[in-house]
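Both of the next two complexes hold chain A, though its partner changes from chain B to chain C.
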Partner chain A sequence: MKPVPIRYLRATTVDEAVTALARYGLDAKVLAGGQSLMPMLNMRLARPQVVVDINEIRDLMEIRYDPNARQLVVGALVRHQQLLESSLVHAHQPLLSAAARYIGHWAIRNRGTIGGSVVHHDPSAEWPLVTACLGAEFHVQGPQGRRVIPAADFFVTYLTTAVQAGELLTAVVIPCLGPGESWGFQEYARRHGDFALAAAAVTVTLSDGVVTAARIAVGGVADRPVVLSEVTQHVVGQAPTAQLEVQLGQWVYDAVNPLAESPDEQAYKRDIAAVLVRRAFRQAINRQPAGQ
Partner chain B sequence: MAEMEAADMVVIDTVVNGRPVHRTVSARRLLSDFLRYDLQLTGTHVGCEHGVCGACTVLLDGQPVRSCLTLAAQVSGHHITTIEGVAEMPALPAATTEERVRHLHPVQQAFWEEHGLQCGYCTPGFVLTTIALLEAHPDPSDEEIRETLSGNICRCTGYRNIIRAVHRAKELWQTAPSTEGR
Partner chain C sequence: MVDASNLVGQSVRRKEDVRLLTGHGQFVDDISLPGMLYAAVLRSPYPHARIRSVDVSGALRLDGVEAVITGDDAQQLGKPMAVTLDLFTKVPTIYPLAVNKVRYVGEPVAAVAATSREVAEDAVELIVVDYEPLPPIVSIEDAEQPTSLLYEEWGHNRQLDWQFQVGDVGSALAGADVVISEDFPHHRYTGVPLESRVCLADYRPGQGALTVWMSTQAPHQCRTLFAQSLGLPEHQITVIAPDVGGGFGTKLQINAELIPVLLSIKSGRPVKWTEDRYENLVSGVHTRDYVCHLEVGFRRDGTMTGVKASLVGNLGCDGTCDAAGTAALLVAAAYLPGPYHVPAFGVDVVGYVTNKAPYGAYRGYGKDIANYPMERLMEMAAEKLHIDPLELRRRNVIQPDEYPYQQISGPLYDSGDYPAMIAKAREVLDYENFRRQQDETRREGKYLGIGFAAMLEPSGAAVPNGIFNGYEPATVRMTPEGQFLVFTGNQDIGQGIETTLAQVAASQFGVSVDDVRVVFGDTNAVPYGLGSFSSRGATYAVSAVHRASVQLANKLKRIAANILEASAADLVFTQGAVEVAGVPSRRLTLQELGNKVYLWPGPYGTVPPGDDPDLQATETFMGPRVRWQPDEQGRINLYTTHPTGIYAAIVEVDPELGDVRLRRFVVIHDAGVIINPLIAEAQVVGGVVQGMGGALWEELRYDEEGQFLSGDLTSYLLPTAPEIPDVEVYHFVSPSPFTPLGTKGMGEGGTIPTPAAILNAVNDALRPLNVFLNDLPITPQKVRAALRQAGH
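Up next is the complex of A and B:
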């Protein structure tokens, strides 16, 4: 259980990292928090020749609030624990802090980064789900310069994203909660800290007792996070009654198509997805300021 | 900008348990193996080598991390604390002579008093995680303690005595505000 022989390069700026990635091409791997890459190196599931360590790149470590665009600009190297504790995140997009709580354990969260998590793209991981739900944008820099990838195009399939070899993810730009918008996050795992069997993220905007906008996404039920836009359309325009919640569960059950080894397992996963979305929706409604 | 070369041998300058360490290591050397084989600090235990057991937990700049998921090359310029360093941390001012002779840190003292270990394989990871917890939050709730230690696996104790030990450590810590870990 040791990595194959590798060569190590410590980049201290984004340009250095991009230059190194261009130079070593497919032989190189970016090393961020190492909480997914290092197990893969130890088990020799990954055998890169060169590891480009980005942990000393200061420019990637910051969470910034942009009040004009109402966005959080989260550097790729921001650790899970930093997102959990950040007062900017609590104030402007608390869904992120709620989700961070579910990632692994303290020692894992101290090292693991949002950039590493989304590029690694385990389809039951929290950051892919939440960034897909909120419609985040992914800033990437490579030999051809910079580009911005919307969430809808970012997650391709298991362990695969739109980030190409030679490219470095530099930041994830996440919309803040809007006025009148509230959120819910629910997850089910067999043991605390394990990867989720399924998870749900929901945001709801209410006006005069009616849902005027919503976002509903489920993780762990497909090869990438699933944003349920059609279900969302059914919900918009309705009052958030108990009956709507029951219907919502049914819509989700019908909309998701989890990969499973047996029909029973599939039904089970659909059930879990439906229940988690209902609960997350209820959480969001309960968080609405009184009088809405 | 000078082109940088990826190297198979890496010079590292780090501080381990307060002492400067200057070594050249293979790029693939894990921090856990660096501590155990190169520095003979075998108090850092290795259980799973993929991040799930917590036995290899050390403090990197004061924060608990998995040494099996860190390359030795990465800690150049940083501070590492291992369980050997804990033994050298100051004892409680109120410690009895016998306790001073044993050189126990309050967290070690608490694990000893509450039988928070049996075989001891997991203990270095638990002790370091507890120290980091109490340094960050001197008064954690039972819930917070359980959540914090959920990343460390113990196959012997059934955890109850470990939780009790952390509660005891919290008491010792609070009565000894001058014990600043490091």
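Up next is the complex of A and C:
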């Protein structure tokens, strides 16, 4: 388990990185936390000629709160553990730190980055699910300049995103929790720290005892995170009763069409997608400030 | 200072841990030699294929490549792989690199030695093999149809075929009130040592001498197997096993290590091969993988009338040369009656070869196979007979006053007290209360279950015809400065023998464990012993060390008596000295004694007539009741000691997710006299965790085409700390009458009954939902599938 011969380059600015990436195109790979790339290199599943190490680019390491747009601007190199611990995150979008807890183990969270996770795009991973659920935007810089990709267009299929060869993801911009909005996150994995068998992220806004807005997304059931907008529409306008929860489970069950190796696995993923959404929804409702 | 005479039974801190925990251990991979090359192996992508040609020219042209070998070289430089163990088996003619044919995905086809592992792996990619795929034999059903044969010359795929019967089982079952019968399939899984196999081979053409550093459990047998597999004179071979990072049974063969050895012979340079995790999972030994059809007759009162079994094992490509696993099925057959009174018994065993990785040893070695079907069936019988599962076992177990107990199938059990352990389990579990709680929580939609398994752990195998034949020498020596060396063929593989053997020796000399060094793992230094497997340490090695220590202690007393002008019978060892009991002024420190014998003045006159100055003793322990000559019923006895136990698992099942959580795990355990409770408990807990792994997570999967699906640790799921509850261990002590200290080996007990206890608990939890699971590992998907089928 040793990689093929590789040239190692280290960039200290975004421009340097983009220049190197543009020059080598498909033959180059960005090295962020290395928690997905290094195993792929060692198993010779990835065989780039060049890796461009971005770990010294200071501009990519910060979490910023933009109070006007009510957004968190998360640099591509921000580590999972940083998001888990950040007081800005706790204050403005706690769903992120709740989800971060489920990523691997501490050592992995200390190295792995949000940028690496979304560009790597394992459809069972937490960041693709959460960013898709919240409708995040992805800032990318390439030889042609900068562009912003909405979440709906970002995740293409397994291990593939809209980021092109030669481009660098610089930041993920994530909307903050709105007034009256609460959240739920549920994941089920075989062992602590494993990639999810399935996971659900939910946000709910209540007003006068009625759901006025919601976001529902499921991970681990398709080739990318699935945002269940139609299910959401059924929920909006309803009171969050036990009966609604049961219906919600059924709607989710009907809406997802999991990709699987066997009919058993497919049925299983359906079952648990419904259960996890239901439980995440309950969590969100329970988190509503009293009186809502 | 601890009272040295009582060191046996004390939780002495492990001597080896300072070295191991501060990063000062020395494993094979830490050793480098000048001019050393690195090996990489080309492995078969096909489960079954003919090899038309192998072209290594591209690899040879690559800079840094010093040698490339294929099956042709294996034939020219060596011989067919030697037999590890052959009991009623067919032995194939095979080589460490495939000749003509590949028989499993991952089988070595060619190997490269180069100046770095990177270059060696680059070179492996340049080797071109032309394969002609053959129909794969994956399942037992495939193997039964001889349309495709692994070894054409056999004419079939059966490596093992054996029947045995005592008493009239047919009538015993016919006369029963209730007969429970079921097929119990068990999946393939194995031990995953932190340190994979690593080997550094140094062949010196000038001397014709071969030195092999390797991570093994049995250095001496490896030396012999190398000699036989290479046609080299054995006295020219040295095998050294330094620190070994876990074995669990998986390091008892040389099939992989022959590859760097052949590369060293071919290149004339030292060659190191460090197995990576994929290689370990795809070609390291695999185990379990069987179906046992079991039928047990019961009277209405729950007592057994007879046991009939048919055991069919899927042995992968081989279990006699490539590894040493085949005999596990025979051990299973001998121990199927377990701890129960069984009036009539019949078993037939078949082992099929298939296109999967070699069949080897892993914690249990068939005792787990004996346990799993029986302990699953006991719980089914309890339900059918409306008898509590603990009570059903109580009515059938051997009583404490019946030992030594001649089991119907051959084994002679040494000691134990199952009824007391069952009572203890009830108390510890607060059993009646638990049942009440279970009913209440079910009403809240929470599914708790409890499952049991009785445990019997034959320890210290003495199997004829091979490397597990069961004896152990030890030499104990005093230095002129008055410290002690224990030379043992037992191997430290992390289980703590550097401490336990030191405790045993130190107890005889009134010294601390720090005054005793245990020397192991070097065939030039220690007597030909058999290493570490089959929980044999506390049966064989401990007994040999104890007896050699006693013998040396007597000699030291005779010499000291001569010097002190006292009677040897009046002397005692205490605090690093030997003295006349009750007269502390008449004493010699051991340093003074050693000095006097060896230096000042030296031996003449110091040593009494009839003795000599060689301050060492060697004793060899043989199982006193091992019997290889069959009795009139055809029965033999292979094991000397038998730890016993009652295990209980409490689980909580989330029926919506199919999730199984281990809530409690209780072990009532009896391994006779315990030398070091700390180490003993760690052995139990570690074993339990591996059993939990097999029950819930670990599986070596192949698809129907024979492709291997578990080649990394994201697909082969090992349990990690958050999944494992505290394992509660309670010790009983029934000393073994067959060992001098009453000790019993105890490395495997934790693993043996754990899968049955857990699946029993899951079925108990889901009983109100009419679900019966019979398949391991218990994955959430399987739990949900069963529930869905039952309409939930």
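One rule holds for everything that comes next: the second predicted complex is superposed on the first by the 292 of 292 C-alpha atoms of A that agree within 3 Å, B and C clash if a C-alpha of one lies under 4 Å from a C-alpha of the other, contacts with A are read in each partner's own complex, and residues count from 1 in each chain.
By definition in this document, a contact is a pair of C-beta atoms (placed from the backbone, for glycine too) under 8 Å apart; a residue touches a chain by one contact, two chains touch by 3 or more.
These figures come from a predicted structure and were not determined experimentally.
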*Report for A:75: first if it touches chain B alone, second if chain C alone, otherwise both or neither.*
neither
_Touched partner set for A:272, first chain B, second chain C, both or neither_ = second
_Partner chain(s) touched by A:10 [first = chain B, second = chain C, both, neither]_ = first
*Once the shared chain is lined up, is A:188 touching chain B (first), chain C (second), both, or neither of them?*
second
*Using the superposition on chain A described above, determine whether A:1 touches chain B (first), chain C (second), both, or neither.*
both
_Quick check for you: in the superposed arrangement, does A:197 touch first (chain B), second (chain C), both or neither?_
second
*Can A:20 be said to touch chain B (first), chain C (second), both, or neither?*
first
*asked:* Comparing chain B against chain C, which has contacts with more of the residues in chain A?
replied: B
*Where on chain A do the contacts with chain B and the contacts with chain C coincide?*
1-5, 43, 192-193
*For chain A, which residues count as touching chain C in their complex?*
1-5, 43-44, 188, 190-195, 197, 264-265, 267-268, 271-272, 275
*asked:* Taking the touch rule as given, give the residues of chain C at its contact with chain A in the complex, in rising order.
replied: 116-118, 121-122, 276-278, 656-659, 697, 712, 714, 717, 719-720, 722-723, 779-781, 784-785, 788
_Partner chain B, residues of chain A touching it in the complex_ = 1-11, 15-16, 19-20, 23-24, 28, 31, 34-35, 38-39, 41-43, 49-53, 55-56, 104-108, 110-111, 192-193
*Of all residues in chain B, those that touch chain A in their complex*: 1, 3-8, 10, 26-28, 30, 33, 49-51, 54, 57, 60, 63-66, 68-71, 73-74, 76-77, 129, 147-148, 150-152
